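Following this message is one structure expressed as structure tokens.
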Amino acid sequence: MTVRMADMAWPEYEKRIKAGAVVILPVGSIEQHSYHLPLGVDRYLPALVAERAAEELGAIVAEPVLYGARSQMRMGGGQTYPGTTSLSPVTLMHVIRDVLTAFIAHGAKKIVVCNGHYENMMFTFEGIDMALKDAKMLGVDDVRVMRFEYWDYMTRETIDALFPDGYPGMELEHAALIETSLMLHFRPDLVDMSKLPNESAGDFPAYDIFPATREGVPPSGALSPPNRARAEYGARIAGDCVKGIVADIRKVFGA
Amino acid sequence: MTVRMADMAWPEYEKRIKAGAVVILPVGSIEQHSYHLPLGVDRYLPALVAERAAEELGAIVAEPVLYGARSQMRMGGGQTYPGTTSLSPVTLMHVIRDVLTAFIAHGAKKIVVCNGHYENMMFTFEGIDMALKDAKMLGVDDVRVMRFEYWDYMTRETIDALFPDGYPGMELEHAALIETSLMLHFRPDLVDMSKLPNESAGDFPAYDIFPATREGVPPSGALSPPNRARAEYGARIAGDCVKGIVADIRKVFGA
Amino acid sequence: MTVRMADMAWPEYEKRIKAGAVVILPVGSIEQHSYHLPLGVDRYLPALVAERAAEELGAIVAEPVLYGARSQMRMGGGQTYPGTTSLSPVTLMHVIRDVLTAFIAHGAKKIVVCNGHYENMMFTFEGIDMALKDAKMLGVDDVRVMRFEYWDYMTRETIDALFPDGYPGMELEHAALIETSLMLHFRPDLVDMSKLPNESAGDFPAYDIFPATREGVPPSGALSPPNRARAEYGARIAGDCVKGIVADIRKVFGA
Amino acid sequence: MTVRMADMAWPEYEKRIKAGAVVILPVGSIEQHSYHLPLGVDRYLPALVAERAAEELGAIVAEPVLYGARSQMRMGGGQTYPGTTSLSPVTLMHVIRDVLTAFIAHGAKKIVVCNGHYENMMFTFEGIDMALKDAKMLGVDDVRVMRFEYWDYMTRETIDALFPDGYPGMELEHAALIETSLMLHFRPDLVDMSKLPNESAGDFPAYDIFPATREGVPPSGALSPPNRARAEYGARIAGDCVKGIVADIRKVFGA
Amino acid sequence: MTVRMADMAWPEYEKRIKAGAVVILPVGSIEQHSYHLPLGVDRYLPALVAERAAEELGAIVAEPVLYGARSQMRMGGGQTYPGTTSLSPVTLMHVIRDVLTAFIAHGAKKIVVCNGHYENMMFTFEGIDMALKDAKMLGVDDVRVMRFEYWDYMTRETIDALFPDGYPGMELEHAALIETSLMLHFRPDLVDMSKLPNESAGDFPAYDIFPATREGVPPSGALSPPNRARAEYGARIAGDCVKGIVADIRKVFGA
Amino acid sequence: MTVRMADMAWPEYEKRIKAGAVVILPVGSIEQHSYHLPLGVDRYLPALVAERAAEELGAIVAEPVLYGARSQMRMGGGQTYPGTTSLSPVTLMHVIRDVLTAFIAHGAKKIVVCNGHYENMMFTFEGIDMALKDAKMLGVDDVRVMRFEYWDYMTRETIDALFPDGYPGMELEHAALIETSLMLHFRPDLVDMSKLPNESAGDFPAYDIFPATREGVPPSGALSPPNRARAEYGARIAGDCVKGIVADIRKVFGA
């Protein structure tokens, strides 16, 4: 029994929505992820975490928003890397809005936005806000939307275990220990550990300059060294995230 | 060696683009496709055809535009079916624009838009047009964009063989003989032939009425009977399309 | 007693709307139409057909939308001809929306969009859709909008009589037999039969290329030879269209 | 030899543009004009004045922008009258922009915007501004656009002769002496002098209130009494306007 | 007890709104005002007038909209002066809309827009209109918005006293007698009377030309000579305006 | 000699820009700041810090963007507090773009955006990006824009001194120790220490829920207790920020 909306025929989708299923929309990005990870890291991870959670919940996972918000230098190396392919903020907000509004028109009442790209965060707020205005136009006022960044479900224990010298914050974790470990866990076929960069962490001033350059970004585009990454870490992080997300969706929606 | 952009690291993508690779953007839809086909038919077919063509051409296939233009009653059964999840025209045009503009910024000079959802057609024109204006802003004036609907590469011989009583035109082929055969060929795991509808073709007046209803649409949402579909037909159609697309991309881009 | 909204004073318009009159909005274009037809063909024909239908129905014909969607090479020769003057899709959708929303605010419940330019079609859908959302904001939920391309009311008999070798479809009929005949019927003063092109039909590949060129378009811009055009054919086509449109408006609106 | 762009074939238009012809775009409105004048007054007058001027100048008159900016209570009685059919400011600005940009793409270097609806004024500025930005994108920097309200060409002598008690300003002249006289001159078939209102002038406070009401607007919608209107006055005003416009276009463009 | 919203804590603001306080939004501009006045004249005057009126009324004055509509040559010397810093019309309309919508969401029922920049006028209409549509979405239909240009409250007596040779109209009063006198009254520290220009009034044709130049604008940017300005005149004008505004707000809102 | 652009006449502004002055645009917000601080905290602080820095640098401070991005529950208590008055993201991005584009048109080459409201950050990126595209249209390619959040210039020593138990991050510092101290330093007249809330810090889950509630937000709206705030701390923080900002502007622009 698939959890993927794209793989269901419409009567199956309708049946599940009528039965109160949660619909999860992963939101990702196509963005440089150093020499050893593919451009699609942020396109895969939130969708894969969401699918695992959905299997436990009997939820539906919609096709992800594959292209996300512009990469910023201090968060993902910025737009100067070939392959980083982004939507303008307005486009992204409207993609999220249009898709959520469609779910609401289908009768979905329990919607989750699972974000996997740091720069998307502020734009998911607005997309959700517009969709809820559309809901009012449709005469619907009993829909609720939950949103989060999946990595915020890593437990304190896991963070402490993985970062004995202190957690730099998710902004600097781009293409680094967490994402590499998760990819080794979920999609090892897409990781090339022979290409691990040999660099220091990014070193940024307190300001941004435009037109942007790569100044301060390590050459590979990884903002912190990914070298300690291991599949077991990925399994642990994924376990934390799926467990926390399942628990919170149950708490919020009683699903 | 993958053709999928999302599965390449950025240095590989950069190398191929610098070597003159063609970049193909599939544009699809999430839309009802009768009882026996999944919502993602238009999300899969143009991407799968594009990947096959890319393998022959050494081209790159970008992640598809998964959500497409609003379904119209006389083309895809309209927006009243649960599961049909669409972008507004403005959003769709901007998604295509933003993604193509990114490819152009990466240095791509040979871009192909491979459309697999009838209602998308007019909006791809505008998305391309805006991206070419962006190219001018970037100081790029040697990029060319080619676009087509993949099914227009079915040969006359195939059409005559499949439709001995005459081809109704692709609008009415929604979830019908062609799409079912293609899915049987490419993704038989997603087709449930036990759920084939038993209906006549859609019977539409010369006009549309809004607010839209399902009047004239067969209950399943298939606009013509898919019952004669066979995997061999799908293989033949796919063969036509891949062959024609490869030949035309070579003709246009010398690729 | 005029059917033209622009020629009525407001109390007359108000009276008719209150009495349940149908309001028809013709949507046209300013676009090259070969050597022998004026730029305004699509600006005149849908308005003239609509006025004839309105006379039979006691309907009101609003001033047409004169500028329409961008011409596409395989539909109208494209934007490269001097004189072709088009709106961007977004502008066009909003013009239609704003005008229909005004009719709805006036109290009109029976609205017809009569399209006379192929490329406008998809954008009329969206304009209507937005106007119906505006209607909800105004607290109006009993308005219905009907839309069509006027040429779809040519009967099979007329098509067979005019095209003994087969009908190429309206896309290729640009500035050709149908439009020339209709102009000879309605506005012979604007046709210069001494300037008929002497060309073959357009010969297009399955794809479009951007930036667009005139490749494949006959030099005049007529996509098929208009040479067999006659005023009698125009009268017959116009008769079909007016008759069919009147009948369908009566069927839909009981007008 | 027509001056109307819509009535020319494209080679004729191209020839004139190449020869340096001025292109005039009338911008009007569909708006209540009291009991005795049709809704289309502002749709007719700037186009008719422009055509007369064009005949003297060998200029081209494009199809007018028929629907204009929202009527304001103190300028045209506001949006509460049935029949008043307006574009939102954004739509209007984009219509003007798109049309002017097309003229520029055709090679026109001398463009005139002839406004005939008071509320349009500020929005024509922006439409022109955007078109000149588009011109830069097209690599064109030698186009100039002239704009005016046609009534500003009434001479002081005419104003004094027509308004011996003082000219209230064009805002209050809505459906009043000037417009009624001009319609009696140009289109007497559309004036019904038996329906002249018998009212005082509008009496407005220094403020506007929203949601708007008709408070202060004379019931007919004429903001000043039109009763002294005569065709001779219309001829005199039209003469002033055409003469002044022709002279200024010659001065500006050397046309 | 401050009247400035920015200087209140939220419980104070909430209390006053619940008690039925009027909220006034000044709308200004940053625009050249000749050699002797600062760029912020239009940013200060409507706010200062509004604050005085608010003190009498117990009203709240929101932070002003500081950046306004593009300056036009015949109204403020146009955009060619360094320092003139304007919003596009669309941006301005949305700023006004967003701010008013927020007040409505707070529960404000009595809202006043006090405009101090001529070119803003038409755009305030649309901003208010959009906010009232937002109000409907919020389920609020008992809010009213009043708007005016503050200078329209100068009395006839004051105008006659200040302009014995006739009032040229506010368009030509840019950086001239009225504004200089008002600044001498309210903010003499920002006026440098040693820099008064020595020029004639602007002399404009009946048309505008784009791209705009400073042709016809006196070099300083003052459209009429400010030389007779005196603080006493400013006090008189301010007195008129505050008195008239207070009276009309009381009349409209019973405040 | 003022640093405030609004208080300069245009020739002074022009002279300074020609001499290479830096232009600083503060970006703020009108947002609840607990019981003891005014709604305008974010409207004052970045402007005041910028003015101090400008005095050292001989820079110009433009009028701030007073209304900012929507407050989010976990960053500023969200939109449910009366008085919080925000722009939509699209409006805000365009305000920043329009203002920066104007500076660029004036000839400014060194532009600084000084942000004082957490939720504004992502939108300043896009506003700057659009302005730099506009710059290209103007033919300007030697302008650079620097942006930062002023609080990121607090030194590690100051943070350690002020937060002996650990710094919760600026998101949770809303209306808390830092902002209260800064207001006590800069504008003690606007702080009412008698109204300090007596609450614990906000306690938020890893997710957001929409429609938003105040769940998890302390009743006052302060996200952490402000009780230890002192003017001396404010002086220290302000000193850090001004010093760091001055140094970095000098480093970046050689100003």
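Think of it as A, B, C, D, E and F in the order they're written, each chain with its own count starting at 1.
Criterion: a residue touches a chain if its C-beta (ideal position, glycine included) is under 8 Å from a C-beta of that chain, and two chains touch if they have at least 3 such contacts.
Since the structure is predicted, the reported quantities are computational estimates derived from the model, not experimental observations.
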B-C, A-C or C-D - pair sharing over half of the E-F contact pairs: C-D
Residue-number overlap at the chain B/chain C interface, same or different (half cut): same
Cα superposition of chain A on its sequence copy chain D - rotation in ° rounded to nearest 5: 180
Chain whose average C-alpha position is farthest from chain A's own: D
Where chain B and chain E are represented by their mean Cα positions, the distance between them in whole Å: 54
Computed distance of Cα centres, chain D from chain B, in Å: 47
Chain centre separation (chain A, chain B; CA means) in Å: 26
Chain A residues counted as touching two or more neighbouring chains: 88, 90, 137
Sites on chain E touched by chain C in the complex: 133, 136-137
Chain D contact footprint on chain F (complex, rising order): 137
Residues on chain D engaged by chain C in the complex (per definition of touch): 4-11, 13-14, 17, 30, 32-40, 43-44, 62-64, 66-67, 79, 81-88, 90-91, 94-95, 97-99, 102-103, 105-107, 190, 192, 195, 221
Complex contacts: residues of chain F adjacent to chain A: 69-70, 72, 88-90, 93, 119, 121-123, 125-126, 128-129, 132, 144-149, 152-153, 205-211, 244, 248, 252
